[in-house]
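What follows is subunit A paired twice: with subunit B in the first complex and subunit C in the second.
Up next is the complex of A and B:
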């Protein structure tokens, strides 16, 4: 029984994206299935699209991708960033639409 | 459970102080998560605060009667269609200069602009100004003008205090820029309202994020950025743990180790994947005198524990940085601190369509800029760690340079000339004196790569026509 407890304690995934719980295994599988760039990884895994908007995972992900492709990180295309670059509560936008001008 | 906290403390710090390690259970896998960055950059401290899920408790101040619950998985979509009553209508602001980030670069820029009578709006994600100066307890080097002899948090207090004397400076706390839009508008979101800001120039001094590392158990509570531990002990006076393993022997890793020792934490070891120590000899000597082993050619293989870190397995690496089989060793510890570098937060530039380049010496993608720190988006400037990782003194100098470059355009005649001269003097000092130090050689090389002449910038703008301009 003691052995089981020890195992449980030591059985952890390698998390790449904490927001969306994407593991190294997920990333490697996507690369094996043909993803060759960040955009493909984002579209298949939704990695980097959680509330921190890739601030934690994308630099790490680019290093993993570069290693897999046998390239230097600075040879990869840079990540595309779209607004809003931080999560904004929808209430704030709704309130400005309510005011009539809708942006 | 009712808990007591100090005024000015973040919710996350107050909980950590009484031994609460798990702040949430993650979205898909239900894994426990705790303190990690402690400066509002990641998502590990999300909790339900007064019924609002996804609240970053590390940058949410405590207040009387606030109700905090652990978040379990994704928050349900609210069923009510009505808008929260405390939300205010969007406000339109016009200003001379918008500064994104109230750390050393942003505050220095704001002060310079305020002195020349220009209107400034500062947006700051944290509920306190000062950025990472607030956790710097060591004394700065350099002349009095560079705040030599003062400690980081004292510099933050001084800059904030000086700034509060100007009524042409508006500070928006707990606010962040969410995008740059056509026509030169910047969208800013505060806690209860949006701002649509039309500045004549923007300085982005958004700082940096700590780099993450891939190993099993890398998300267990107790695995933290080195800066996260500094926030706990240096800013809030909370002992982050009892036994620490530090990954990375650059200056951050060495300094945080020394601060851990001062706080009464045992530092089991400092790991360095390279065959030599990364940081300055002076810092390494300090921790070695306490008997802390600095293990070069070593890395972390795994962290383990149930609801939090209980230990880690380390391993020796060969000259190709591959683990040497059989060299694994277990270390019991309750903290694994990652000090493996920072990445500049340049997402607002990427979103605005600025010409950017990944520069390894600077920690990641940065906007190409002129010597005066203007990027390919006309009127959009960069300063501090967002321009490439360096250190606080150069951040303050860069903030002032960007501010003076802007002021020289907005003022006329004799005043503009004086400002221009002052800027040239600072530029000369920065490049030819301060950065001449071999200690800054790497950052200097990176900044040289990122800096182009005015002519080259014009050529880049022709090649990549900016979608937006603030000029």
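Up next is the complex of A and C:
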């Protein structure tokens, strides 16, 4: 019986970070190994570093971590938000300066 | 012997690791934020021995030996990887090829097998490169890269296993001296005493040393790097565009993202949280000329980290004349990550043997600035 439950879990893992395929199990294991803040989770799991830049996973991660630490979500320090916020094609950056050069 | 290492970056952790391996039972690392939160976690992860001074070449030759040894030893079991993909230094101008030839003979004389490669060989190494813009290149086959957070995680686990105490989230605010000895460190949560104090606090080192009357000529220079979305493996070497001002570079990480960096005009001590979005097109313009496919790639983010620089761009290693139990390892001027393993070795030797086994390291003592014995570069870099 127990074995079936574990298998069931593996067949349908709960994905927290879709960019880097990080599951709820991965997050809980990292917390068990000693991660106590978002920076540690980000850096050990690379969660929040993919194309979504944390917009999908960080709110989920904050709720998991807050629950595990017995804190409120708004008590957790947020990771630094970095430009350009959403992924921007390099061509767009280059055309901005190339047009500038021409004028 | 009780040792307190201030700073939980690459240098502090390698120093603690080396001391513990050599049998020091009581080693504590104290870190203000989290492991790798300073310059270490912000670096571009390149590792090379192709430098322009004897000191750097010899130290990095030894460091690379250790990177290789560690990646197949205990740190490797915890995930440390060293990928020896090499460094390619591009010469857009013919006269740069002559400079590279001189550098190659310096490297070769010190046991680092760099060589000049022509455009055909370059095309094989970096197939995506537009070689029409290039006269020739210098190739350092011993160089490579290592992902910073897996390295830190491996070191953290290995240190803990060896009995090193790693205290995070506690800042050291001042040192307290009595006579010619440092007796304790005052932290956010009380004082910590030790027999030996090692300052490996990167951009915080200068202010901390001032609390015991020591002035070290360090400047914290903001340096920028951006990262793109991830792709399948394209090319292994880190590529340096030597003839473009600010010396842009590109490297593909183990995860497949591209890091692109370039030096832009900056003021020392400027906040690492300042916004300099103009960096992005400045860094990408020359690199996208060399790699046209990049135009279709997206930038995820960019960030800033400090190069903790000294007047001669070489680290400060060793004991101070003023105190008998105070040591320093800082001022790596952008090379602290790659030097991590050799830093650990040299600092453990200073502390346990009274002198480093690599003679070139002795020239890096803090007194060199007072005496005007600065390290000379074979070729002055941009």
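Rule of thumb we're sticking to: the second predicted complex is superposed on the first by the 80 of 103 C-alpha atoms of A that agree within 3 Å, B and C clash if a C-alpha of one lies under 4 Å from a C-alpha of the other, contacts with A are read in each partner's own complex, and residues count from 1 in each chain.
Everything below uses one rule, namely that a residue touches a chain if its C-beta (ideal position, glycine included) is under 8 Å from a C-beta of that chain, and two chains touch if they have at least 3 such contacts.
The shown structure was predicted, so the numbers you read here are calculated from the model rather than taken from an experiment.
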item: First (subunit B), second (subunit C), both or neither touched by A:24; value: first
item: First (subunit B), second (subunit C), both or neither touched by A:93; value: both
item: First (subunit B), second (subunit C), both or neither touched by A:51; value: both
item: Subunit B versus subunit C as contact partner of A:16, first or second or both or neither; value: first
item: First (subunit B), second (subunit C), both or neither touched by A:64; value: first
item: First, second, both or neither for A:84, with subunit B first and subunit C second; value: both
item: Dominant contact partner of subunit A by residue count, subunit C or subunit B; value: B
item: First (subunit B), second (subunit C), both or neither touched by A:43; value: second
item: Set intersection of subunit A contacts, subunit C complex versus subunit B complex; value: 50-51, 53, 80, 82-84, 87-89, 91, 93-94, 96
item: Contact footprint of subunit B on subunit A as seen in their complex; value: 8-10, 12-16, 18-21, 24, 50-53, 55-57, 59-60, 64, 73-74, 76, 78-89, 91-96, 98-99
item: Subunit A - residues contacting subunit C, complex; value: 37, 39-40, 43-44, 46, 49-51, 53, 80, 82-84, 87-91, 93-94, 96-97
item: Residue numbers on subunit B that touch subunit A, as the complex places them; value: 26-29, 31, 33, 36-37, 41-44, 46, 54, 83-84, 87-90, 176-181, 187, 189, 192-194, 209, 211-220, 302-306, 310, 343, 345, 347-348, 350-351, 356-360, 364-365
item: In the complex with subunit A, residue positions of subunit C that touch it; value: 33-34, 36-37, 41, 149, 152-153, 228-230, 255, 273, 275, 277, 280-282, 284-285, 288, 294-303
